[in-house]
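Shared chain: subunit A. Partners: subunit B in the first complex, subunit C in the second.
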Partner chain A sequence: MTDLQIVLNEWPRLASGFGNTVLLFGTSAVGAFLLGALMVGPLRSQNKVIRVALHSFVDGMRMLPFLIFVYLLYYGLPTFGVKLDAWTAGLLGLIIYHCAYVAEILRGAWDQLPAGQTESAQAHGYHGHRLMRRIILPQLFLNSAPVFGNQLIYILKDTSFLMIITVQDLTYAASSLQSMYFVPLEPFLIAMSLYWVISLSIEGLVRAVQRTAKVRGLGRA
Partner chain B sequence: MTAGGFQMLLNGAWTTIWISLIAIVCGVPIGFGFSLIRVKRVPVLSQIVALYVSLGRATPLVTLALFLFVTLPVFGIDIDKYTAGVVALTLNTASFNTEVWRSAYLAFPQSQIEAARAMGMKQRLYFWRIMLPQMWYSALPSLVNEMTLLIKASPAIAVIGVVDLTRVTNRIAAQTYEPLPPILIAGAMYIVIISVLVRLQRRLEKRAERYAT
Partner chain C sequence: MPEQIPVLVVDGISKSFDGLEVVSNVSLKIHSGETISILGPSGSGKSTLLRCINWLEKPDRGDVYLANQRVGRKEDGQLMSDAELASIRVQMGMVFQNFNLWPHFTVLQNVIECPVHVLGLSKDDAVFRAEQLLEKVGLKVKRDAYPYSLSGGQKQRVAIARALAMSPTVLLFDEPTSALDPELVGEVLAVMRDLAAEGMTMVVVTHEMSFARDVCEEVVFMDEGQVVERSKPERFFSNPQTDRAKRFLARYE
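Up next, the complex of A and B:
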């Protein structure tokens, strides 16, 4: 039996690893985008305490490696009596860590929006939530599609760190196949191709969003 | 945590720094060379580099490090964990640097090239004397930004057993049964390393803006 056959016979392992990676990636991407969108308003709040607190959170996340943050949740929190299993710690870690990056991207995009636009929307009776949801956020997302695409790829790549805290993702599956059957090459080549496929789909999504943005007269360059 | 623990953390930080530094020192010129292959559209090689960049961008460092560490010995290349870590980080950062250099090249003002030609400069001369110094200024902020991303991704090499600043916290916790203090101190050390780079990047950005106008 060739190495490739061994690996193909064990495809359910790779498939479940791939499924877990997609699940982690999808859930945390949605979570991080929602939380980030909720945070961007308060990041520009008039209240100094809220603003400074959120800014230090965002800056802190942006200077910490993802794995150290996960260690903090997984190994550190039990000191305070909070025990999370690997999946919960990993997923929470991905969402909280990346929502800071999303919020920062949105804040940067907001700074580029002409101020007069918000004012005229207010003059038309848009306030609070409706102003955010209908006028500001759609533009922020459409305007910065390529940057968000990059962030999605970082989220995807960060999921693989979770194998270090025993989450059984795609890299874990490849690694365990390798050590079970001593087939070093094929499992990793398959895993890397699968990551590649996800990232190519992300790039396709970015292009689609950019086309939408262009139709609506938005988007840079 | 004891003084010995702190010493271990410092050693871990040093490991993280020197491995990343070698990867940066190798990755920046490799990225430069690859970007030239791309912009000059060297047949076959250019397509290979494009594929490498696309794959390098998509492959998690954890996967890449494991792959190199277990696969290369099969091809008769004996590789220890430190070399595998350095090679993985270099391959990863070089793919990003290729894109940084390429966009610096593509953004170079055409008018200056025309002016250089009008002065009678040959391509080789104006590339090295006119383009490269200015490309260097415009690319540096993004290159430094990529360095911070590299340091943040570097804990991935812990997976092949390199005891870096992240991994060392496990070792200390195994001795003291108190995982929180070493993780917090390691986090603070990462913040120090990265904030130095971020500050450098801001300064370089200001300088690049000054030169651009």
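Up next, the complex of A and C:
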């Protein structure tokens, strides 16, 4: 039996790992985007306390290696009596860490948005969440599709760190096959291809958003 | 004739930016169905005055009343919440120099957006009304186009339809033709003339002297943040009372 056959016979492990990776990626991407979108208004708040607190959070996350953040959540928090299971710690870690980047991308995109967009919305009776949801955020997303695509790729790659806190993702599956059968190459090549498939889907999504933006004269930053 | 109650009252508005007073103690009264134009050189404070009327700029002093409601402040002088201010702003349409259409929406979506999502009209009713308004500004065929694909004149006509869709009490125009190529100015002014003829109440900040002369009931001439002269257009253009207005008009001869 060749090494490749050994690995292929164990396909259910890889499939389950792949499924978990897709689930982790999808959930945390949606969570990070929603949370980041909620944060961008307060990031530009008139209230200095709110603004400084959120900027500190965003900068703090961006300076912290993701793995250390996950270690802190999973191994550090029990010191304070907070015990999270591996999945919860992993998902929370991905969402909290990446929402900081999303918020920062949106803040930058908002700085580029003409002030007239907000003003015409206000003149038509918009304020608060409705102004954000209907007028501001759609334009920010359409204007920044490639940057968001990059961020999605980072989220995807960061899911693979979670095997270290025993989350059974695709990297975990490949790694366990390697140590069970002592086949050092094939499991990782297969895992690589599967990550590549997800990345290509992200790329497709970004292209679709860019096309949507282009017919509206947006996204030409 | 009994004294009519003005629909829009501007009472002693002042506004400074970085210590420079750009609007100084300006008061105006506009009656229902009137069209007034605010003229003046660049930097005279006319746009800022207009933006103070719907509180896009918060006036430092003075008050604005729309149909007897105080704008921006409650009766006790406290600032209105964003929601309260928004509910007064929808009674004042505003048309901007740079159109400020929402680029992610089609023409039709721009016009129905506020009626559906702010005023709470059903989508069917809003679409029905929007199509009438687009017909009025001559752009029904463009209903499914994106603003990006329109000319400046077309964009501004959509912006007028969008403002009219709120059924506002007053329409404010902030230099509506200043960003347009000269050959596109006429189509926008034609729409505004029709509105004036139909009895829409309008406050128009403009450099279009012919519009001010032919369409408006009153001309307000501003310089250095103050109202220098206000009179009937025929009098203002044929026999201005102040040197400042004479010099201003001389440049348009």
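As a working rule, the second predicted complex is superposed on the first by the 220 of 221 C-alpha atoms of A that agree within 3 Å, B and C clash if a C-alpha of one lies under 4 Å from a C-alpha of the other, contacts with A are read in each partner's own complex, and residues count from 1 in each chain.
Following the convention adopted for this analysis, a residue touches a chain if its C-beta (ideal position, glycine included) is under 8 Å from a C-beta of that chain, and two chains touch if they have at least 3 such contacts.
Given the structure is predicted, the values throughout are model-derived calculations rather than measurements.
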item: Superposition on subunit A - do subunit B and subunit C clash or fit; value: fit
item: In the superposition, subunit B vs subunit C on subunit A residues touched; value: B
item: Partner chain in contact with A:198 - subunit B first, subunit C second, else both or neither; value: first
item: Angle at subunit A between subunit B and subunit C, C-alpha centres, nearest 10 degrees; value: 110
item: Which of subunit B and subunit C A:127 touches, first, second, both or neither; value: second
item: Which superposed partner A:114 touches (first subunit B, second subunit C, both, neither); value: second
item: Partner chain(s) touched by A:44 [first = subunit B, second = subunit C, both, neither]; value: neither
item: Subunit B versus subunit C as contact partner of A:135, first or second or both or neither; value: second
item: Contacts of A:178 with subunit B and subunit C, given as first, second, both or neither; value: first
item: Partner chain(s) touched by A:211 [first = subunit B, second = subunit C, both, neither]; value: neither
item: Which superposed partner A:161 touches (first subunit B, second subunit C, both, neither); value: first
item: Subunit B versus subunit C - smallest C-alpha distance in the overlay, whole Å; value: 27
item: Residues of subunit A defined as touching subunit C within the complex; value: 114, 116-117, 119-128, 130, 134-135, 138-139, 142, 215-218
item: Residue ranges of subunit A in contact with subunit B within the complex; value: 60, 63-69, 71-72, 75-76, 78-79, 153, 156-161, 163-164, 170-171, 174-175, 178, 184-185, 188-189, 191-192, 195-196, 198-200
item: Residues of subunit B defined as touching subunit A within the complex; value: 54-55, 57-64, 66-67, 70-71, 73-74, 151-156, 158-159, 166, 169-170, 173, 178-180, 183-184, 186-187, 190-191, 194-195, 198
item: In the complex, subunit C residues that touch subunit A; value: 54, 56, 82-83, 85-87, 89-90, 92-94, 96, 98, 100-104, 113-114, 117-119, 146-149, 159, 162-163, 166
